[in-house]
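Shared between the two complexes below is chain A, which has chain B as its partner in the first and chain C in the second.
Take a look at the complex of A and B:
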């Protein structure tokens, strides 16, 4: 064995190839089957997709680095489940490009934070967490209420997401910007069409309490309010694993 | 830099900076309605500055052809200075984010200064800015000395060093503007990733072309590690960053993978960034500078082989231990745990090999703070890999995961192992590189050593305490079967540890500033009168060689 190595370390190309092969094995065996074994992700025909406003909110969540302190992955441990709700299933992040499971809980897990607090609470809390929770370590995100949401390229966002596998229809992509406005303005004529495209469970309301402006706060709160609400698979006791 | 290039090479360099300017212009125009445009302007300014420098010195006299008989050390010298600059920046931002966790209003209502945006500036600043520049600078030096061959050409070492730093600047400025993919340690967006890929391919070509021209029959063990670092980081970087941009005029992209597959790909990347960036590369550094400084040959050639291939093979299986008890299938979690535990064998083989090398030189460890930095680094490497294997066990991980224990573990590795081996190696390297008889002040090295050690210990102990406390509070039940502590209770309990952690970080940062001052003053001190050129010339006799 050491004789073999004696020759290998005299051959630069051989050494390069050996490193690539030896290092390639582990990742290949662990990752490739995740795409081919059907049991990896549960099947749920009713799994919803994010609305354009929720996509925009998710991108703000990413932009501000929320994932650095908040996980979105409830583990199969008793205290995790007692504290945060039913453990997370793979199907729940099926359309999450990228996933935001997180690695650290400086703040609590957010996988099921949707509908847990009111829009007004979320808006006030994001604006300055210490107004509501004096001990909080979270930054005050005051600029979210100040910044108007950029909506004109949301169609491009949905189109790119479709390319990587999220089932957005042509109609959803074409109406992305209008739908984003409609979701935070329940009184507009576009709201019914939005509900028709994304389902009756879609939250259509003034998230930041101000219907006149569509702010980044509207988007982020809209996103937070659907966390854990995209499918009820986790609440079904005997979810059929894929055949 | 430019004076060392021939007329033809200067023309090539002008074409490269000209091309960079054009790319910057295209990004600025295509991304005029997007933050991509800001990066376009930055790239264009860098390109134009390079172009102006080239024009100013284009007609400088041709360099002495005799220079090709010497090693090419100018890029290493520049890399050492960049390493120190990034060390101070990265550690300062680290101290800032640590302080933010104790006093969250230090964000001053500025988005760019909030925790979520500054944290990747800290992680990328120290891992890629500080660590990456140290790896590039030392790899050029070690490669030439152990092959007795000059770097293959005059431009590409500069292209890699400066191109890599351009990537680091784009990354850090992007985070502050809010540009991130959110993948930990792979945050930069698609265009920065493409640029890094180009830089990395050239880096690999420098390595392989120099190895092909080596005058030593064997490739020294340090180069195996540097090679593994370059090759595997390329694999990881390309696969984990596969993404679809929303348009060529936008910085935003969406990862090709989603959910559980994305999580596994990300932590295959994330854990092996630790393995091949923060372990393999720095083991390469250790395998050259530690025996050199100790004046002892590597203890065991066979241990070197076993540990190298063990690390290269087994680390790649271990990433899934970041996903214990999640929606990742159980079989992958089990594989990850098993390999993480076995990984202790090659890790300790490396650490043991290094410590046994010091046998017979322990008096030098006592007297020479430079060698002591390296010895301590190896001890921390051994302790951190033991802790890592321990934390990868599911039952332990159920407590430690999501808590500050992980942060403590990472910093035991980053401060105790990575930074200490870097500072030890730089102290050993600087006098040779600048032809100075010795460092400006051995006493300041001693001061730095104790600052670094006490800073690391305070930091790691604070995070162990907070992590274990946090983990226990989250899982404590009252007699009635309800959770005893609310989340906010656990957060309040963290406050004193967060202050202690910031103090540890401050001490470590002060150490890095002392190091920068000491090295800066060494560079400004007079050149050795009887310059020992052995370190600079291509020697006739064999250099440090494998054990048998």
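Take a look at the complex of A and C:
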């Protein structure tokens, strides 16, 4: 058997083919679990999709590199479950493209941080964490309150997400920019239509405490406040896997 | 390519390459490497048979050992709950007075409460519970909804202005922005409110303003804050006569509060924390309040 390898090394074409075969085995083993992904992701018909404002917040979360210090996955370990709540299920990241599970926790896990703290706390804390937690080493993201949110391309973001399987409707995509404004301004006439499109559980309020401007802070806080709130699947331990 | 030959000194074959008379040895790979490689391969294949692994057409191979991380963590969490039941049962079943009279139970409350407080409450109220701008001091300041552990427990359970159906509801109206008071009256009542906690504010110059401010206060503010401004636990309106301020006690902060109103939010902890933990936190806070007096 090892004599075969000795001879193979002396045959350039044969060696290249053998490398392709061996590397192919490795690739196959990485890809193969995806063949049965429909069977391993739990089914939840009530799974919500991110609103345009939450998508914008998620993009800011990625832009600012929050994932470098915060994971979004509660692992199947007793310590994790005791501290953060029920372990994360695959279905909870079903519409996350890309997923933001992370593997590094300089700060705490954020998978269930939605509704844990108030909007005012999130806004003040993102603006300067040390105003509230003196020993915090999290950077201050002061520009989030200053920067107006860019909304005109949100429809395109939704359309792109639909391409990879998030069930956005044409209506959602067409109204993305209006919906983003409406979600942070509860008094506008567009708010009821937003709630109708995305469900009554949608948070519609002034996330950064200022209704006059739609800032990046509005978007990021709106996103943080739905983490772990898109489905209650994790609170039903014996949810059937699809079959 | 020169022919390979056996090296006389080491006894190994050479590769047949030669540089100025120096020939490259073709030393065989040590046997231990082969042994390791073969045993690692056997181990991995065996492991895929024991553990969930190979994908099939409609399902995947579950492994002979039937390992399931979700079932394992559910069991280990249940074990933790069972271990803690020795004291969580007592926390849930006994009344507040009995627990506070039990030194060993209070020892548990202080140790566990410290961790729970740090993980859940300290973000807003501070590590010592002494408050932050916008978030009240819950250890030293008079409580807004009531001082006894049962009331504190209810506040933790339902929250204030929270998403809970039974939430406590408290709102400071925007007297200025919503034009309930003209701007001049806002300024007068702010001056009066300042005198409640700091009588030194009152001078001969502003005596008239303060007098009118008192009337405005009686007409607009006393319904929630009480006639003397000491707060009312039924409405959750804070005491204005002490040195503790949620949003700041300087003139511009008070004016901001009167003009724009306030509606602080305390989240509900029901569902996130178990009833035993909520009660334990109420005991912990009540204990710290007693110690601070």
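To be clear about the criterion, the second predicted complex is superposed on the first by the 234 of 243 C-alpha atoms of A that agree within 3 Å, B and C clash if a C-alpha of one lies under 4 Å from a C-alpha of the other, contacts with A are read in each partner's own complex, and residues count from 1 in each chain.
Basically, contacts are C-beta pairs under 8 Å (C-beta built on N, C-alpha and C of every residue); 3 or more make two chains touch, one makes a residue touch a chain.
The model shown is predicted, which means the values in this text are computed figures rather than measured ones.
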Tell me the contact category for A:45 with respect to chain B and chain C: first, second, both or neither. neither
With both complexes overlaid on chain A, does A:125 touch chain B (first), chain C (second), both or neither? second
Now for A:133: first (chain B), second (chain C), both, or neither, which partner does it touch? both
By the touch definition at the top of the document, which applies to A:212: first (chain B), second (chain C), both, or neither? neither
The chain contacting more residues of chain A, comparing chain B with chain C, is B
Intersected contact list for chain A, partners chain B and chain C 2, 35, 39-40, 76-77, 82-83, 87, 133, 135
Chain B - residues contacting chain A, complex: 100-102, 104-105, 107, 109, 111, 114-117, 119-120, 175, 178-184, 208, 211-212, 214, 217-219, 224, 227-228, 231-232, 235, 239, 244-247, 250, 252-266, 268, 272, 276, 301-302, 305, 309, 312-320, 322-329, 332, 335-336, 339, 398, 401-403, 406-407, 474-475, 477, 482-483, 487-488, 491-492, 498, 546, 548
Under the definition above, what is the set of chain A residues touching chain C in their complex? 2, 32-33, 35-36, 39-40, 76-78, 81-83, 85, 87, 112, 115-121, 124-125, 131-133, 135, 237, 243
In the complex formed with chain A, which residues of chain C make contact? 29, 34, 54-56, 58-60, 69-70, 72-74, 76-77, 79-80, 119-120, 122-124, 126-127, 132-135, 163, 264-267, 272
Residues of chain A touching chain B in their complex? 2, 5-6, 9-10, 12-13, 15-16, 19-20, 22-27, 29-31, 34-35, 37, 39-41, 59, 62-69, 71, 73, 75-77, 79-80, 82-83, 87-108, 129-130, 133, 135-143, 153, 156-157, 159-161, 163-166
